[in-house]
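In the two complexes that follow, chain A is the common piece, with chain B as its partner first and chain C second.
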Partner chain A sequence: MTDAIRLKAKDYKSEVKPIWCPGCGHFSVHNAITKAMAALGIDKDRTVLVSGIGCSSRLPAYVDSYGFHGVHGRGLAIAQGLKVARPDLTVLALGGDGDGFSIGGNHFIHACRRNVDITYIAMDNEVYGMTKGQASPTTPMDWDHSKLTPHGPGVRPFKPAALALASGAPWIARGYSGNPNQIAKLIAEAVEFPGFSFLHVMSQCITFCPEQTDWKAIVTESEAPPLADADEAAKQFLHEDGFQTGLLYREQRATWPPPGATAAEEGAPGKLAAAFRV
Partner chain B sequence: MATTATDSALANFLAHSLELESEARERYGELAESMDAHHNRPVADFFRRMAAEAEHHLQEVAALAGHMTLPQLKAWEFDWPDAEPPETASYEALHYRMSLRQAMQLALANEHAAERYYREFANRTGDAGTAAVANRFADEESGHAAELERMIAALPASGLHLREEDDEPHMPE
Partner chain C sequence: MSTRYLSIAITGAGGAGVISCGELLLRAWAREGGRGLLRKAYGPQIRGGESAALLKLTADERYTAASRYDAVVALDWDNFTRFEDEIVLDADSWVLCDEAQALPPAVVAAGARVVDVPFDELAAACHPEGRVNMLALGVLGRLLGLPATTLAELAGQKLAGKPRDYRDAATACIELGAARDIACQLPVPPMGNKGAWYLSGNQAAGLGALEAGIRFVAAYPITPASDVLEWMAGGLERVGGQLVQAEDELAAINMTIGAAFGGVPAFTATSGPGLALMTESIGLAVASETPVTILNVMRGGPSTGIPTKSEQSDLNIALHGLHGDAPHLVLAPLDIADCVFTTGWAVQLAQRLQTAAIVLSDQFIGQSTAIVSEPRRCAPFAATPAQDPGEEGAYLRYRLTGSGVSALVTPGDAGHRFTADGLEHNEKGTPSSRQSDHQRQLAKRQDKLTAFDFGGDWAQIDGDGPVALVSFGSSAAAVTEAANQLAESGVATRVISLRLLAPLQTAALAAALEGCSRVFVVEQNHGGQLFHYLRGQLDFGQPVHSYALAGPVPLSPENIAQAVATVIAEATRS
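After this line comes the complex of A and B, so read on.
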C-alpha cells in the first residue's frame, strides 16, 4: 500500500451513489469489496474493476478506483486482456447471472480454463433485473413470475460452481448478500490467490423475486476446509442445494500467460507481447 | 506500562462498539440515499435521522476510547451474534415501497438487538469496569427503543403495509 494513512472501507467508495432498489443484495457486495480493499490496503490507483451490463455491472462506478463498464457479457474478456497487458494491477471482474452465464457464458468457461490471475464476482439474483424481471440461466425452472415465462422457464438452471469446476477454475467460493463480512473475507482471499478466482454471490433481488428474502433461513456457512479433489467437488457441486457458502474448492495450477510472456514482467518483449506489437 | 486485563477487555469492547455504531451509521446513511433515489422521502428522512443518532453515539464511544490502543480487526474478525453488527439494518428487510411505520419497526428491532448485545457483553465479560460501560450503552439503546416506540404509537393507524401510492415493479406484457 502506498497511501500514508490506512484507508477505511468508506474511503474506497466513490461519490456516485448507487441507484439499486432498496433491499438489493448488490449493496452488500459493494460494501464487501470496499471492506476487502481496506483490509488488504489495496492501492486505489492500481486497481481496476471491470463489468459487463446489468444492475450489478453498475458497481465499478461506485468504487473509487479505475473502472470499465464494458459490453454485455464481455467483462471477463476485457479484464483478462487488461491483466495480461498490466500484470502489476489488481483486476476484478463483476457482473450478474445473465451477463456472466448467458450472454457472457462462453467467456466464463474459457476464463476458468485459461486461469488468468483475476477475481470474478458473479452476483446471482436469478433474474434479469435491469430489464424488469425476466428469467435468467439460474432461474428456477418453475419460477412463473414473469409474463414472458408464465409457466416458468421450464429448463434446469445452471449450477455455476459445477460449471466453473468443469471448466478448470482453480478457486471457487460462494457468498450470500446477507453476510457482507463473509463476502469481504472471501474477496480478500480471492484477490490474494494466484490465479482465476470465482466468487459466486447469491445476491437477492427483492423487487422482482421477493421470495429470495427466504434465503437467509436456508443459507449455511461451511466450516470445512476447501476441497482440493476435483472428483469430490464435482459430486458436491452437482448434488448440493447451492446454498452452502464459503471457500468450496482450491487447487494450485499454472496461470496464463506463462512467466516471461509479457513485456511488463521482464522489461523486454516476450513472445506474447511481440505478437501484439505493430 | 503493562496492559491490565481491564484495559484489554475494555479495549476489545470499545473496538466492537465503535464498529457497531459505525456500521449502523453507514447503513442508515446508505438506506437514506437509496430511499431518496426512489422518492420515498419520509423513510429517507427517517433513516437519515437514525444515521445522525448513530453518529452521535459513535462520537461518544470514540471519546471514551480516547487514546486507548484498540485492537485493529478486519471486518470479518469481529465477534457478532449474527452475520452483521446488531444495530445494522439487514438489506433484505428493505423495500422501496416500505412505509414509515415499517422503517421505524425495523429500526426498533435494531435498537433492541443492540441493547441485547451490550447487555450480554456485560454479563459475560468478567471485568467489572467493562461491564459497567456495556450496561450503560445497553441502557442508552433501551432509551432509543422507548423513544421509537413512542414515535410508532403516534403514527396514524394507516401505513401498516407497503405504500400503495407507489407503482408495482413493472412486468413486461
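After this line comes the complex of A and C, so read on.
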C-alpha cells in the first residue's frame, strides 16, 4: 500500500457473500487469507487470486483483489502463466482436493517441479462437495457415503505432502480449518517464500462428511522447525497420519524463470524479420 | 500446363540429410534471384524412416505442390514405395541414382530415364567424412547453374557448429558433384528476381505473432507445430518475452489465458489433438473475455491420424468445437507469406475484441519453405481507444456497451479490481445464473463480433467469372492455379479464398457471389466441412458443388480443374 492506512482483515473481503454451507471449513481459510493479507499489508491492486472449480474455488470472488475463476483443475496453470508474464504481481492459486489432485493432478506435480513463485492453497475436505458428495482422491478407502461408490472408493488416498515432496516442491505446510490463526501465519510465510509454496489445508465439509468434526481431537500443531532433508521428509510424509500441522518442509531452490530473462534487445523485432531476407 | 516449373525430389532414408540438401539448394537458388518451394515429407520415424525434399522451382510465387517430377535424386531407395503416391514420375522424368541398387518397380513402370551416379562410392572416395547429400547438392547445383562456391559457403554456414572435418568434407563433396558431367537436361525456370525472403509458414506465423505484440507463449510440443515454438523461443527471448513449455495442452492454453489476463498478449500453437484438449479452456477465454490466439497447424486426423502430413480437417472443431454458445474468431492464412499477415491480424483482432482467435494453418504451408516477396504485414495495431473503466469501485468489467466490447483493465490497475469468471456473470463479473444476465452476456459476446468492421481482408477475390471457386486457407493456391487452367480452356472463374471463417462475412460473401451461376467449394478434407458450413450460413441461389479430398497428398490443380470442367460439361449437355 502506498498510503499509510493499515488495512484490517475485513477490508480485504469483497461484498460478495459466500455460497458455502454454514460450518464449512472454507470460511476459516477465507478469514485466514484476508488476515494474512492484512498482516503483510498487501496491495490489493497487485494481488491476484486464481482458482479452478469447486466449493473452495469460489473464494477469489470473496476477496477484494483481482481474481480469476477458471475451469476445473486448471487454476495452477492460469496462475503460473500469470506470474511468469507478470512477475511484479503476488499470485495465489486456490482450490479443492478434486480440483488439485484429480483433474488438475498433472498441473500440481509440474507446478511443484517448475517452482514458479506462487502460493498454492489446497482446501482438502476429502470430498466433491459441489457435485454433492462423491469420493475424491483423498477420500478414505472405506468411505461409503456416496451413491457413486456405495462400497467406498476402494483405492488408497493420495498423500498430498508426499506427492508434493516427490515432485520437487520446496515449501510444504499443512493447516487445519479449526485453527485459522495458524493458517493465516502459514499463508503469510508462503507468500513471502521465494518459490512455489504448497499449503495443504484440512478444511472440513460439514454437509457431506460430518465425521470430519472429529479431526479437532486428533490434529496436532508442530512447533518443530521445518525439515530441510528430503529423505527425512519423505519418510515422515509417507508414514504419518496426516494430522500434524505447521510448516513441515522448506528448502531453497532456484525459481523459474530465472531472474532477468525478459530483457529486450534493442530493435529485436526488426532484426528477427531481417534474418529472413535472402 | 499453364505454368512452367521444375520439380525435383530428393529422397533417402530419414537422417540421410535430404532435407538439408533441399534447403541448401533452395537457399542458393534464392541468392540467384530464383523463386521456389521446398516441401518436406517424412514418415513418423526420426531415423531410418523415409524422407523427401520436394522442390518446385518456379517463375512466380504460386506455390502448389508439383503434380509430377522432372527429376528424382535417390540417395537410396529405402522406403521409396511410401512416396509413390506423392512423387509421380513419367517417361520425361530423370532419375539420378546408383544403378547398382535395384530400381523400385514404380520407377521402372514409369519409364523414367535413369542416370547413374554412384553416390555412396563417390562420397566415400572423396573424403573420409564425405556425405552423399552434399555430393547430390553439388550435382544438382551444376544442373541448375548455381555456383559451387555459393553452395559450399551456405553449407559451411549450416555446419558452423560441426568439426572442421565435416565442413571440409562438405566442400569437397559439393565440388566433386559440381564437377561431374551428368547427361541430363532440366527445364530451369528464369531467375533474377532479387530482394526476396526465405522462410517457412511456421516461421512466418511466429514472426506475425511477435510483430503483432505477442510477448508470452505457453505450449506443448506437437508435430507439425513444434517448429513454430522453436522459432518463437529464440524470438521471444530477444524481444523480452517468455515461453513456457507446459506439461500438456490443458496447461498450455490456461497459462496463455493467465498471461493474457495479466495484460501480456499471449499465444499458443498446437495441432489437432492438442486443439481438442484445449477446447474447454478456449471457451473460458470466450466467456471471461480474455484475448488469446491459438495457432493450429493442421495435420491428418482424426485421432493421431497422420502427424507429419497435411489436411484441412480441423475446420469443424475450430468453428464448432466449443461447448455452449461461444462465438470466437477463426482465421486461415492463404499461403506461406500470408502466415505473417493473418497470424498478426488474428492477434490484433483477439486483443481488440477480447476473445479467442484460432488460426488454421496446416503442415503443407507450415513446414514448407518458400522464397517469397517481402510479406505483407499487419498495419501497426491501433489499439482500441482506452475505454474509461469509470470511477474507482464502480468498474463493471462486463459492462453492456454499444459495441459489445467493455473496458478492460489488468491487475496492477488501481481501484478497478474484478474477478474474471467462466461462470456466467453479471456486468460486474459476479457469478449469476439469472436468465436476464445470461441472455445479455451471450448477446454481448456475439454482438462484439457481429458489429465489428473486419474490412476487406476477410477474403482474397480474384476474377469475376460466372463460376465461383470458394476455398479457405492453403487450398487457395491450388484453386488459383486450377482457375488459370480453366481460363485456358475458356471457363472464366471467380476465386474466393476465405481468410476469415468466423464470424463468416455472409453479406460480403453473398455480394462476392452475385452473378455466379455455379459455386464450387474446394477443401482438403473428407467430409466437405467448409461446404456444409457455407450451406448452413448462406442461401445460395445457384447450384453448389463440393470438391473435398482428404490429404495427405496436396490438392492437385489439374484434378480440381478437371472436376469443375466435367460438372460444367455435364450441366451444359443436360
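Assume the second predicted complex is superposed on the first by the 261 of 278 C-alpha atoms of A that agree within 3 Å, B and C clash if a C-alpha of one lies under 4 Å from a C-alpha of the other, contacts with A are read in each partner's own complex, and residues count from 1 in each chain.
The definition used in the following text is that a contact is a pair of C-beta atoms (placed from the backbone, for glycine too) under 8 Å apart; a residue touches a chain by one contact, two chains touch by 3 or more.
None of the values given here were measured: they were computed from a predicted structure.
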(request) Based on the superposed arrangement, let me know which partner A:Ala173 touches: chain B (first), chain C (second), both, or neither? (result) neither
(request) Answer with first, second, both or neither: which of chain B and chain C does A:Asp88 touch in the superposed model? (result) second
(message) Applying the document's definition of touch, where does A:Ile78 land relative to chain B and chain C: first, second, both, or neither?
(response) second
(message) If we overlay the two complexes on their shared chain A, which of chain B and chain C does A:Gln134 touch? Say first, second, both or neither.
(response) first
(request) May I ask you to decide whether A:Val16 touches chain B, chain C, both, or neither, giving the answer as first, second, both or neither? (result) second
(request) Check the residue A:Met37 against both partner chains and state whether it touches chain B (first), chain C (second), both, or neither. (result) neither
(message) Touch test for A:Asp45: chain B only (first), chain C only (second), both, or neither?
(response) second
(message) Going by the contact rule set out at the top, does A:Leu148 touch chain B (first), chain C (second), both, or neither?
(response) first
(request) Kindly list the residues of chain A that each of chain B and chain C touches, one partner per complex. (result) none
(request) Please give the residue numbers of chain A that touch chain B in the complex, ascending. (result) 9-10, 17-25, 27-28, 31, 35, 38-39, 131-134, 145-148, 177-182, 184-185, 188, 204, 206-208, 212-213, 215-216
(message) Quick check on the complex: what are the chain C residues that touch chain A?
(response) 27, 30-31, 194-199, 203, 207, 210-211, 215-216, 218, 235, 237-242, 244, 246-248, 250-252, 254-259, 261-264, 266, 280-281, 283-284, 288, 371, 411-415, 417-423, 429-431
(message) Give the list of chain A residues in touch with chain C in this complex.
(response) 16, 44-50, 58, 60-61, 64-71, 73-74, 77-86, 88-89, 106-107, 110, 257, 261-265, 268-269, 271-273, 276-278
(request) Name, in rising order, each residue of chain B that touches chain A in their complex. (result) 26, 30-31, 33-35, 37-38, 40, 74-76, 78, 83-84, 90-96, 98, 169-173
